[in-house]
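Some structures are shown below for you to check.
Look for chain A in each of the two complexes below; its partner is chain B in the first and chain C in the second.
On to the complex of A and B.
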């Protein structure tokens, strides 16, 4: 058993779990189906390769929100190029300026293959939507023998420089961890329909999976020690006796 | 995966006060990056502009036709190949072949008058249509017509043969037109013939912080002779000005899957891909979304275009601008943006072992001087597309 860590950073990302038709929403963090889709694309799997996807889907998934970003609503109009007819207006939501560390746990050989595939992806990589290319290399490392939660807890803080400086007063920062397996002190109440069964465009299917929410504390390398106020008592100079 | 080829295009483009891509409130689109607000031009806006540019440089035979009248078009080609088939026989062949190739239903639309029982004697019988808009390239129409003529004697028996049916399906799946091969196609009920786009276009972002400005305007009514001469109309237009970083990548291997190899025996197998890469490069660089362009007249072209040919993975340089660029002492964001890129590109490539790339730089003016050493300097866009096209073709032929 190993753990493969990925960093998902870019000006825009979009991770829809229940996005359909004209309103394409995004979750607050990468979905399992989105990340497995990224891995499947790197491996060069076609959309109807259900058997290979089933193998990928056995991976256990977790994600840490290193920099939550802000939500962007994109309003999109479309016209038929030939007739200039208007298509339905659509709304697309993005996460701007976000950074995540995602991790998948599974058998060693599969993770080694995936790590190599990410370095030479068969299809161009994107963060949830094709117009969102990653701004940093996606693959981080394979941790042999690691457990999903442990690796995500030990990973250094991947937030951008400016964001770490903005939080310079905190020597340690608390990050949200969303994992498929229970983590210490987690609340296992949420479910998300993002366990992919088929990416086949004729019948995309997803199953429910559980999400355990917990927090993890990581050191802030940009932290500045707070200036301590020197002991100062003006009244001590007064002769009050 | 050893012979991979990816073309990257990076451009820096100044856009003066303008509103080329606006949201539903009429304000220019924005996004937060590096903690500050940036101007944004959506990828779909720029893809549309690029696609429109194609129509000015490509022969219609290289573009697709989007229509429900696919059977009519195919029947015309069949008749052109075999004159005795003109009319109903050609149409019957066309319907059979199209249904086998795309799996879609092709039938004459039902008429309202027929439903109410009235005999519709005045109008001729309507031509069969597909139930949704289909997007087929002219090359696909030609290949399907050939197939129809070949099996013309007994088309139903001909297409029952699995081998022939597969041939029909294959035609619908390859030799796509240039724009479909690059940007993809979604056919609502025929997932079989969807095409995965070979090109990826990112949202363009300004390299610096922007604040939207608002122009308050009044328009005088020339014919108003009253003493009280108020404005005939008032309003506001939102705008901003930006130095944009634009990025796109073309997956040459996927493009080859979509386009197929050479058109004929004596043609180089790399010709369709080369042509598509050149057209994309030219279209992406020189097109501009046209929003409010008559209001602002913001016709500009990029001051810098960097093209890279990679063999492992694409790299966007947007991170170089995560810390927003500030105007230098003489003003302007272009020069400091170029300095950023000149430092950033070699660093990221060294760090991730991606130095083994061909790089071409097209640049204008002294502000871009720092980028001169990034690759081979090219004096014109025409030469840039020719050089990149030749390099792509060379790689494809070399690797077979």
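On to the complex of A and C.
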């Protein structure tokens, strides 16, 4: 077993787990289907390669929210190129300025190929939706022999400099960890329909997956102590007159 | 000599007016001496300083040859109801016994709010102009330049506690740089004064000279809350 870590940072990201029809929502953190889709694209798998996808889907998945970002709502109008008929109006949600560390755990040879594939991707990676390119290299490292939760806990804080400075009062920051495997002190509080069964464009299918929420504390390299006024009492040695 | 401490009640409009205006505070301090007429020439030096330790901890220190009566300050900017129950609302301490005990070699914590300036000639042939030191390094040098005459020496930091290779030699912090700007009747432009607060540790090298600094002040703008240095034991 080893663990492959990825950083997902970009001006916009969008990770839909239950998005249907004209309202395309986003979760607060990357979904397993979104990240596996990114990996499958890097490997060059086609949309209907269900057998290879089934192999990928055995990977265990976890994500850490390093910088939550803000939710952005976009109201999209479009017209058909040929007939100029208006398409259904749609609402699209994005996460702006978010940074995540995602990790997948699985067999060593598979992760080694995936890491190589991310360095020379067959199809370009994007963060949940094709209009959301990553702002940094996606692949971080392969940790041989690591466990998913341990690797996510040990990873340094990947938030942007301005965001770290904004939280300069905190020497340690608490980050949310969403993992597929139970972490110490976690609560299995949610299920998400993002376990991919098929990316076939004619009929995409997903299964339910449990999500365990826990927190992890990481040091803030930009932390600065608050300036305090030194104590000074000139009257301590004097007598009242 | 007397050292007086008065705590301003930051919640009162009268206190806010005094905090906002060094001129108003100077007038309030000077009017607390019943023997001192405004017209008196060569009147004794009164020094004062406002310590802003926290948003609601504003302490006014006054060093004066005479005993002040701060009743008007208590009424405008203090706690008159609390003061009515026996305590006067301010504390006046005898300063002379402490000053007499100052000895060469003694080590003290000090605090000083000052107006570090130098005179520069902008163009040849023009008179020099008093100009504020704006960088921390220059402000430190300004104070270091007054050690010899002032009878004190600012302690050096042990090597392992210096955070930078150069410029962090002394046990001294410079903080709270403020710019005062106000108009004075009779002057054409505004008066601008830059003040900084020094906190540090000093060693007495000449007790008489240091007594002079403590009672007569250091540097310019003494009417606007600058120049009063106070000492405190290093254990606190």
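Descriptive notes on the structure:
Here, the second predicted complex is superposed on the first by the 230 of 241 C-alpha atoms of A that agree within 3 Å, B and C clash if a C-alpha of one lies under 4 Å from a C-alpha of the other, contacts with A are read in each partner's own complex, and residues count from 1 in each chain.
The rule is short, and it goes like this: contacts are C-beta pairs under 8 Å (C-beta built on N, C-alpha and C of every residue); 3 or more make two chains touch, one makes a residue touch a chain.
The structure presented is a predicted model; accordingly, all values stated were derived computationally and were not measured.
In the overlay built on the shared chain, the residue A:240 is in contact with chain C alone; chain B does not reach it.
Considering which of chain B and chain C touches more of chain A, the answer is B.
By the touch criterion stated above, A:232 is placed in contact with chain C alone, chain B being left untouched. Of the two partner chains placed by the overlay, only chain B lies in contact with A:72; chain C stays clear of it. When the two structures are aligned on the shared chain, A:96 is found in touch with chain B, with no touch to chain C.
After overlaying the two complexes on the shared chain, residue contacts for A:133 are found with chain B alone; chain C is out of touch.
When the shared chain is aligned, chain B comes close enough to touch A:125, but chain C does not. Chain A residues in contact with chain B (one complex) as well as with chain C (other complex) do not exist.
Interface of chain A with chain C (complex): residues 227, 229-241.
Partner chain A is touched in their complex by these residues of chain B: 1, 4, 6, 23-24, 29-35, 38, 42-44, 48, 51-52, 65-67, 133, 191-192, 194, 196-197, 200-203, 205, 247, 249, 251, 253-254, 312-316, 318-319, 322-323, 352. Touching chain A in their complex are the following residues of chain C: 2-3, 5, 51-54, 61, 67, 91-95, 97-98, 109, 111, 173, 175, 199, 230-233, 236.
Interface of chain A with chain B (complex): residues 10-12, 44, 47, 69-70, 72-76, 78-82, 89, 94, 96-97, 119-126, 130-137, 160-163, 166, 200-202.
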